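Next come the structures, one after another.
In what comes next, chain A is part of two complexes: it sits with chain B in the first one and with chain C in the second one.
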Partner chain A sequence: MKSYGIYELNYAICEFKHEISVAIVRRKFDAVIVGAGGAGMRAALQLSEAGLKVAVLSKVFPTRSHTVAAQGGIAAALGNVTEDNWHWHMYDTVKGSDYLGDQDAIEFMCRQASEVVYELEHYGMPFDRLENGKIYQRPFGGQSQNFGGAQATRSCAAADRTGHAMLHTLYQRNVQANTQFFVEWMALDLIRDEEGDVCGVTALDIETGEVMALQARATLFATGGGARIFSASTNAFINTGDGLAMSARAGVPLEDMEFWQFHPTGVYGVGVLISEAVRGEGGYLLNKDGERFMERYAPNAKDLASRDVVSRALTTELKEGRGCGRDADYLLLKLDHLGADVIKTRLPGIREIAIKFAHADPIHDPIPVVPTAHYMMGGIPTNFYGQVVAPYKTGPEEVVQGFYAVGECACVSVHGGNRLGTNSLLDILVFGRAAGNRMIEDLKKNRHHKHLPADASDKALARLSRLNDQKDGESVAQVGDLLRKTMQTHCGVFRFPDMLKQGVEKIGEVAERAMRTEIKDKSRVFNTARVEALELENLVEVAVATMVSAEARTESRGAHARDDFPNRDDDRWLKHTLYFREGQRLDYKPVRLKPLTVESFPPKARTY
Partner chain B sequence: MKKLERARWRCRRGLLELDIVLQRFMDEYYAKLDEAELGQFETLLDLPDNDLWDMITLKETGNGNLQPVLRLLQKV
Partner chain C sequence: MRFSIYRFDPDKDEKPYMQDYDIALEPADRMLLDALVRIKTVDDSLSLRRSCREGVCGSDGMNINGRNGLACVTPVAGLKEPVELRPLPGLPVIRDLIVDMTQFFKQYHSVKPYLINNDPPPETERLQSPEERAQLDGLYECILCACCSTACPSFWWNPDKFVGPAGLLQAYRFLADSRDQATAERLDYLEDPYRLFRCHSIMNCVDVCPKDLNPTRAIGRIKDMMVKRTV
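Now for the complex of A and B:
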């Protein structure tokens, strides 16, 4: 079969519209996984070890996925340091989610936590140890004993490099299991047939510029988050929400997209995270008047209050004109009173980051910080088997055959309105494995590949073709900047009704401009300008879904804080948002309040 | 072919800290590197994220042969 490049394809689109799909090279796998972070590699391992032929696509080398940035650890009620059990962990997670989490999925995750941690240990993960040889555990915010009692000690870590150690462990194991990695490949679009079943993806080999259809009996998205839609973001540049955008374009709804966690202390201007450890050691926040303002917002916990509380306090200070600097647009994190010794011995990494990115040595000077987008709770709707579910024919949660999603791009939903620290690494292990197992079962039933529709890759090719032919178009960098500024201004920590309304219009204009981007480099081989233009199209999908969903939810819950509706409203809003790209339509589905075996945790006020 | 684009893409990392430092390096120094330094830079890009970051923030001195480029990365 002949392989056509993009140039030839453009020509072919004009001349032989019907022959294009057959012109694209196709490769067949049992399963295709998009994304090689912790979630994708955990699922891939399950499949490869079962002897299936698995392809994993990744824009960058697998061990450079964003999982590498996770420091806190993995939550599991092992009880190695203090008494613990999964049911307490489940309570903390339901409460942390502000009752928007699905309690069946949360029970499923917390019950399996110990098992997936021991499994990882068995794979060679270098966990920190106690003297008795058991896995060391440390306390983390939001973890309690006895359903809201004393602090629990639940986080399993490998120094402050847990994500890094996990990625390397899973990668090595996958190599041994013969998982096939397609490195520096970008998936472009999902392939669905006329029945709506998913049959694979169309993907771009960045190296050669070749477009290929990867046909699979099961397709899993594990593409991570998309917090690059905000100007102030802790996410790496690769986090452009590709899987979410591909799903939306293929008619799959996106769930709870209004819920984004903002970390209170990202370095002003760059976003790099300053960990909670600084405030844990006694650092505190100041406004331009030198006031320790957290005392007003959280008299007891002060600077150690939960992430959403501190982020909202910072935003209020900025809004009321008490920010620092010429534009009054940041606040200060003071550490110098801790002394040079404490800073050098306990916070050396933080000091390096402050010097490098804020040009401030915290031994003498405070660090300029702002609330910074960190994690998306929403995503592609799935059940706890990792199967993508959507309302199509009869019910609100029908399985989309052949399609699975796990990790930050998925909404299962265990984090609901707000994620607890250390629950995301647990999420990717539990549901990565669960999705792998489910795919193995489903593949036993579906022994043959479904017929690939003739127009399988047409939409992806049309987008490439549009980009190549665009004349007098927009700059990718400029439209990207405008998108991020619009999201930051109109849909940040605090949400105001008039700003959201304008935001929906403005982000619509950004979306239109993103459809007219032009690239100067039209070559095939290693065209990063093309990749970045495609990433921008993906960011647009994520941004529009976020703005539209946020504008509609007239309550405050978890990370979604409305100025005009400051309280949670369980009568009207104890439900998940579903955003459909077509017509920007919204629908809703109930929260799954019934766990698998235990009693439900009914909603009550969330206080810490 | 497309050496610059390849290098730019391999500066896409899992850690935002590295994304930013490497982007600054590409903008300020990449075009001025000689052949030997280009080789050093590629060797550094092949390192795992945390190892590279430790070398940039002086926690690890690493291989002496890489010092010239490493010093530039420490400056940006």
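Now for the complex of A and C:
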């Protein structure tokens, strides 16, 4: 195969704008999956085992995807420890979402939870075990028995390395199924034709610098989260919201982008996560007076209240001067009372992190923590088959042909305004599998590749050539820092009207500056400066969507807490936001309150 | 803080060289990876892999003052200056600190790193006692960073034939799993003068593993299993 370097392509694009689209190398697959985290690999497995030709692209080797960092567990009402059933799990998820979750999708997910967990166990997942040989489960925040009764024990765990164990297991199973991975390939843009159908992606082979068009009858995005828009984040460097940005640039709206989860316990000053499993196993939070302050904010659930509730409590404690340390800017997570045995067997990874990053051995000392950006509830709008849906001609949820999305980059929406701990690993398995199945069906019907439009790769190439030719621009690091600081200051745990308003302006300025970044490194080979510049452009799309959506929603719901509108307002705001990049236009669509088979859970006041 | 870093860009360099950096670190720059990110703000051409920044993804294995380790969990305080950084030894260099891991993963794949159990799966989970499950501790936690294999002289000499410590650790992870049924097949594959028996228990692998795993012990256990099945 002939390879065209970026230099030649740039040259070509300046000189003969029309020939370029023909010059670029194309490859054809039945399906292209962008992302090899838990979601992408679960979907890939369905397709590979069905004998389809699927290309799985990932910016990093599959087991380096950020699913690997998930610690606490995966929710499923197995009932191995306490009595449980999927309907209670569904109730908790609806309530946790602050009623913004779509109840049909939530029923779909909770009903399948046990099955996908057993399946994962059959693939070889090294779950911890109970004495009777069954999968070990631990309690997590927001889990209840009997629709809001006693604490449930629902999170299936492999020590505090559940994500690592799961991601490796899925990779291993894909090795067995002969899935074809394109490792260290970065998708640049979505290819849509005149009819709006998706026919593949343009992508950069990071190692060689080559750009290609990957043509597919079905394209799935599983690109993970984007919490790198904030300065304090539990997310990996690579979590830059690429899938969302590519969708937005291609005219697909983004749903509920104002909803970001701040995890109550990121390591102070570092961001690395301390799992809620610590509190599930019996740890609790303290302020500078040694008070177990969660008792005041959530008298029943206490430290295991829903994450948005706990993060707001921590932020309030800090604001009111009850933080610890010289600057009174962190709180403490105490777990020494669990004893060395429990800590060593159930929380070994946490201990390792605390020692390395906080210089505190939790067997003796509490861990300094602060609320930290963690999870993106919003994303690319989909139905529960993983098909991307957008308002077009017939209504607010028309299927975008050939396009699917699953995992953290998608918004089904099962998490609504606030995700419950351990529901994301569940989400990626259930919807990864469902999307895989749906793609197999659709591929049977759509036997032919659609024509690639002549300008298929122009957008991506134009961005690359702009970057290559930029003179006297700012550095990517500088603009990136500004973006993260702006989001952190203007769109944090509590949101203030004037800050949001200024935030929209400021982030607009950042967006303009990001269009003029310059990289000094012009090499073709493994050019990480180029990758980071492209990632910054993606972060910008995510940040702007977030700020604009947050400014518009004048109520408080789930993780979106407005200082000027402290209450939920179901009359006006029981609806999903849709953000369109063009003109930064907002639209809304109703929440699906009707489940598949059971009675609806009508919105009511949410207390823990 | 002073650094001396291996540089090579095949797009422009004829041969590799060491480049010196003298850089003022901020108080927040606690780990070596933070320092490298800082250096990258002044020289964006320095190339390395990184992702999780918490020692769990296995991206940033490199040779730090002569010893393999992960940059993200190596505190800068206490490193001897100038801090000498090189790519992991024994694998082809793609650019700067980035090595070509193809051979490493090939060896990993060669041991069939997946559970083999041909019984139809039950309705619920396959049962496993806590004791049986405990057999997998110290094995499944591997992050495939290659620090061990690229510290192993036997792997340097025979990367195409010797499975290497990381691959063998995973081979044993499945041999040790009470749910796996392919013991004989797995041992047959490893019964070979190179694949397993090139390990001379030099223990470099154990010294460098950032997750405190012990490939040498796993290799010993595989050897025991082989002996046991011949008697």
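Keep this in mind: the second predicted complex is superposed on the first by the 518 of 608 C-alpha atoms of A that agree within 3 Å, B and C clash if a C-alpha of one lies under 4 Å from a C-alpha of the other, contacts with A are read in each partner's own complex, and residues count from 1 in each chain.
Heads up, the rule we're going with is that contacts are C-beta pairs under 8 Å (C-beta built on N, C-alpha and C of every residue); 3 or more make two chains touch, one makes a residue touch a chain.
Predicted model, so just to flag it, every value in this text is computed and none were measured.
Annotation for the three-chain superposition on chain A: chain B and chain C clash. By the touch criterion stated above, A:454 is placed in contact with neither chain B nor chain C. Look at A:527: by the touch rule set out above, it reaches both chain B and chain C.
Of the two partner chains placed by the overlay, neither chain B nor chain C lies in contact with A:462. By the touch criterion defined above, A:596 reaches neither chain B nor chain C.
A count of residues in chain A touched by chain B and by chain C gives the higher number to C.
By the touch criterion defined above, A:118 lies against chain C but remains apart from chain B after alignment on the C-alpha atoms of chain A. When the two complexes are overlaid on their common chain A, residue A:353 makes contact with chain B and with chain C alike. In the overlay built on the shared chain, the residue A:477 is in contact with chain C alone; chain B does not reach it. Once the two complexes are overlaid on the shared chain, A:131 sits against chain C while remaining clear of chain B. With the complexes overlaid on chain A C-alpha atoms, the stretch of chain C that clashes with chain B is 202-210, out of 166-174, 184-192 or 202-210. Residues common to the contacts of chain A with chain B and with chain C across the two structures: 60, 63-66, 68-69, 161, 164, 168, 236-238, 270, 272, 349, 352-353, 356-357, 523, 525-528. Chain C meets chain A in the complex at residues 9-12, 28, 30, 40-41, 43-45, 47-59, 73, 75, 94-96, 98, 101, 105, 109, 112-115, 117, 121, 123-130, 132-133, 136, 140-141, 143-144, 174, 177, 179-180. Considering their complex, residues 1-2, 5-6, 8-10, 12-17, 19-21, 48-50, 57-59 of chain B touch chain A. Touching chain B in their complex are the following residues of chain A: 59-60, 63-69, 161, 163-164, 167-168, 184, 206, 233-238, 270-273, 348-349, 352-353, 356-357, 523, 525-528, 531. Within the complex formed with chain C, the residues of chain A that make contact are 60-61, 63-66, 68-69, 78, 114, 117-119, 121-124, 126-135, 158, 161, 164-165, 168, 172-173, 175-176, 207, 236-238, 269-270, 272, 349, 352-353, 356-357, 475-478, 519-521, 523-529, 532.
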